[in-house]
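Each remark here refers to the structure printed beneath this line.
By letter and in written order, the chains are A, B, C and D; residue numbering begins at 1 in each of them.
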Amino acid sequence: MGTGVAEETQPVIQETTNGVHPAISSDPTVTDTDVRPQYLWPKTRSLLQDAFSEFMGTFILVLLGDGSIAQVVLSKNTKGDWQSICWGWGLGLMFGAYTATKSGGHLNPAVTLSMCVFRGFSWRKFPIYMCAQILGAMAAALVVYGNYKSAIDQYEGYGIRTVGLNTSTAGIFATYPQPFMTRTGMFFSEFIGSSILMFLIFAVVDNAAQYLVPLCLFFVLFAVGACFGWETGFAVNLARDFGPRLVTYALGYGNGVWNAGPYYFWVPMVAPFFGCLFGGFLYDVFLYTGESPINKPFMGVTRPKEAWRNAAQKEKVSKA
Amino acid sequence: MGTGVAEETQPVIQETTNGVHPAISSDPTVTDTDVRPQYLWPKTRSLLQDAFSEFMGTFILVLLGDGSIAQVVLSKNTKGDWQSICWGWGLGLMFGAYTATKSGGHLNPAVTLSMCVFRGFSWRKFPIYMCAQILGAMAAALVVYGNYKSAIDQYEGYGIRTVGLNTSTAGIFATYPQPFMTRTGMFFSEFIGSSILMFLIFAVVDNAAQYLVPLCLFFVLFAVGACFGWETGFAVNLARDFGPRLVTYALGYGNGVWNAGPYYFWVPMVAPFFGCLFGGFLYDVFLYTGESPINKPFMGVTRPKEAWRNAAQKEKVSKA
Amino acid sequence: MGTGVAEETQPVIQETTNGVHPAISSDPTVTDTDVRPQYLWPKTRSLLQDAFSEFMGTFILVLLGDGSIAQVVLSKNTKGDWQSICWGWGLGLMFGAYTATKSGGHLNPAVTLSMCVFRGFSWRKFPIYMCAQILGAMAAALVVYGNYKSAIDQYEGYGIRTVGLNTSTAGIFATYPQPFMTRTGMFFSEFIGSSILMFLIFAVVDNAAQYLVPLCLFFVLFAVGACFGWETGFAVNLARDFGPRLVTYALGYGNGVWNAGPYYFWVPMVAPFFGCLFGGFLYDVFLYTGESPINKPFMGVTRPKEAWRNAAQKEKVSKA
Amino acid sequence: MGTGVAEETQPVIQETTNGVHPAISSDPTVTDTDVRPQYLWPKTRSLLQDAFSEFMGTFILVLLGDGSIAQVVLSKNTKGDWQSICWGWGLGLMFGAYTATKSGGHLNPAVTLSMCVFRGFSWRKFPIYMCAQILGAMAAALVVYGNYKSAIDQYEGYGIRTVGLNTSTAGIFATYPQPFMTRTGMFFSEFIGSSILMFLIFAVVDNAAQYLVPLCLFFVLFAVGACFGWETGFAVNLARDFGPRLVTYALGYGNGVWNAGPYYFWVPMVAPFFGCLFGGFLYDVFLYTGESPINKPFMGVTRPKEAWRNAAQKEKVSKA
């Protein structure tokens, strides 16, 4: 399928940490066919590539994920079951990562934050990534809603949109906890899901062959969904949950989207950040030997003079 | 399984854009064992290779896809469920791509069209590909019918063939929409499925390691089926739907195959073309940096003189 | 898992066509640690390696395959469903291929026959392979029976072993057709399953990266099971069906193992050979460009003088 | 997802047999960024790396495995079925292997024992590995319990914890046999599961491309669960079963955790060792041609003088 333009050992995930996008590289020896910044749109696109990539990647993630929930819920489990939902989100993450190759494929503000804290990802990019991710998730929720509008009308009744009833469809877009959960339990469930996500992302990026990483991401999110997905619906991602929730509010699902749970909506906004930071911390403390604040003196909390001097000297040597 | 004739880094998908098939290459230095055009059949085959490959590839696609639906429907969900159908179509696409390696593995007229528009695939080949794909799908539907004839007789009653009833088996071969769907909804559902298909094919061909592409195609069609497959049965392919529909008409399923829906049959013939074009457009606009009309001045709509001159100059340089 | 003895680009499937096993290679420059034929057992083993490999490979195939059926049947579908059975046989073939790497991983007399006919595999080895495969399947059926003996006693009643009733367990080991099938339908179903098997094996070995071949074999058998497995239980293999059937006869399941169907038992013994030959023929006729009888003058049926001369000349040139 | 720090052909599983950890290598030419033993924590960690790796790897294995059982049991099969459990344990082993790359990813005392016996793994490390594995499994069981506490309370009744009833939840953590099993049957079921595990691990490590090994491990444990997992719950691992069983005892599940079965608890402690040894033995006897006691004179039982002399001479030559 497709003409063989892909080179054989093409890197799946590009290095974008340095903030210089290859498409606007100033290296005069590059004669790559990909460099054609002389036309208006390619020039614009290369400036906005990170945002576009995260937008489209998160769009694909939520499109497939929410689409799979919609199909299972609206067909009353005849065209899929919980496992389809795990497949949907897993494939969403896999293809989102293939889509957002140029921006590193974070697709999740909490992952971006952990990359900033533990892997020296540019803090300056954090707000751009987060906005693009939320907007991508919102666009995807709109498309899923448009596609399944007739089915929702048939399921809930024409024009009726509710939250929390047996015939409600708000759960297609954003997550709602099981009724027996305590507030602490909800937070912990999202926290542990996010920790596993981040821990395994670091483990996989470190240890898997690079071109198997997107496939492994499929398995990572599948695992979170199959093992810790029931209680709160494994949002583990502010963009994936808050974006579609906003959309359902705008589409007339009422205040229930905010006060169900009760007021559960803030948990999947906050817990993933703490969870991903903890998962990344755990990985770096026990297993990571590369560049990380954990592998600096006093685990990066302070940086004594001697260390500064060492680092400066090292830099000099490598420049010479 | 098999003797190790496959070379290790053998390309999964050959370059066929230039229209010169390697097997009839005139390069005198090629001493490949694959070049033996002196015998009658190999010579004939190499001339017809594109058509044969697309025929056999689409044959495998529809054989496994329709076969999986047949098994699920006729065994009354005891030997499979919706997920088997996703597996069946996904594996059909994967093995169809392996089978049709020599022609690029399009297996879908809408994919071929998008390749012509966005990747410079030879327009001259479009009608050949489309005919081969439709014929391949028809042959596969016949084989599936032959294989499951006893089971259909037992399911519908001996010699009875119907469309749209609870005991109908026409849905094994071609797709029929859910009863609650509006015409717009049907079109949109096929449109979005095809867009996802084409967008992800481009994303995967661009970013995945080449030998993982067929495996990724499995996941692509699985995703479309698990997330957007319920409402209209994810035909997303003129050949896959129209070919088997013709076969069911010829086999005596009656006029229902055309007027069910009502007159749904044209939707999976038309929508995939628009959907695939839109999906390819979206990918090229936001993410693609290679050769594409989108990456030309004014997004390829016009081509001002200066651009022509640049291109000509570039060509000269590369020839020199 | 395991110490890193595997080399990175280790071939998954060794070349065994020439009949000289690498372990007894006489090449004096080989200083491989694998060559230690001076001790008794390694020497014996290297002489019998083909038989041992096919035995163990078919053992694994049938162990996992029959094991998965046993678990589904005896747990009354609570610990698996039809899809588990597809997984079981698919994984059996995949791990059987990994196990029988040294002999080429045929695991099926019909595959061995097709390799002899279409790929120049040594005819001399055919009876050895076939015996080893049948014995391996018999050993596996015995182990599955031993493991699930208590469960069979609880399911059928202590010491009761029957064929063809609702509470029968003979179907765990050998295949039995659906009651509505005609004799022609049974034969055709096995024939088409075997054709798909062989066609896809050739397609995969030809076009997939070599180390992905066992994974693809998983998908191949999964596809046969999910799409054409219901009517006759996709034996597609004399060894897999006849071996365990003999075992069930010996274990006291009675004459029913032979006369059920009625006298169905010979279909999965004969049809796979025809099916695999046809599948291989189809692939070679339409797609294969390597060494095959199909790619000789008059499709290998006769070999006129001119062709002999050409071949001889070619050989001379390549020797010089 | 993630910044491209992973090198392209990075080895998935490092060689750790020699007991010298790369991070504390004394080779002065190594200028790897991974070598920074001057700080306190990295230095400590590199000394304890094996223990940390096995701890975290087994933690991930049991976290995902027990988590998947918890979700299936507590949601009363609405958010998963037996297949989710196979996925959970398979993914647990796969990601456990990615996590514990630095220690070889055994995650199972019986696997460590087999590596010592058949692959020259350091006996000195056996107790360290076993302790780390058991502690990791215990930690994981605690986290699963914490996460699903509300759900267990809702399922069993607040504060009630039982073993062996229809509403019991002890089976989430440790395994309990089916009621109809004999003691011999239990032992044999665990024995055969462990044999398959070890046999396939050796087959995969030997024959699969190195970076596909963790993916194959997913399939290995999935196969054991789908084909031989029903009767005793496929513990096949002292750490996975005994660790969580201790935790459930500490959490108040009562003496039932020990005397259910009756006194089944010792079977998954003992049988895996025998099973893994037998599986490894089988592989080495019939298929392995590398360094193994089986490939020594008299299958390693004795080592006559001549063999010693040969070995010594060989060593000299390779040193010269």
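Quick note on the criterion: a residue touches a chain if its C-beta (ideal position, glycine included) is under 8 Å from a C-beta of that chain, and two chains touch if they have at least 3 such contacts.
Here's who's who by UniProt: A, B, C, D = Aquaporin-like protein.
Note that the structure is a prediction, hence the values are computed from the model and not measured.
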Self-contact between copies chain C (Aquaporin-like protein) and chain D (Aquaporin-like protein), residue sets same or different by half: different
Superposition of chain B (Aquaporin-like protein) upon chain C (Aquaporin-like protein): rotation angle, C-alpha, nearest 5 degrees: 90
Rounded Å distance, chain A (Aquaporin-like protein) centre to chain B (Aquaporin-like protein) centre (Cα mean): 30
Inter-chain centre distance, chain B (Aquaporin-like protein) versus chain D (Aquaporin-like protein) - centres from mean C-alpha coordinates, in Å: 43
For chain C (Aquaporin-like protein), residues that touch 2 or more chains besides their own: 9, 83, 214-215
Topology of the chain contact graph, where touching chains are joined (line, ring, star, complete, other): ring
Contact pairs between chains, per stated definition: A-B, A-D, B-C, C-D
Touching residues (chain side chain D (Aquaporin-like protein), partner chain C (Aquaporin-like protein)) in the complex: 9, 11, 13-17, 82-83, 86, 93, 97, 104-107, 111, 115, 119-121, 178, 180-182, 185, 188-189, 192, 196, 199-217, 219-220, 222-223, 226-231, 282, 285-287, 289-291, 294-299, 307, 310
Residues on chain B (Aquaporin-like protein) engaged by chain C (Aquaporin-like protein) in the complex (per definition of touch): 1-10, 12, 23, 33-34, 36, 38-42, 45-46, 52-53, 55-56, 60, 63-65, 67-68, 70-71, 74-75, 78-81, 83-84, 87-88, 91-92, 94-95, 98-99, 101-102, 143, 146-151, 153-154, 211-212, 214-215, 218
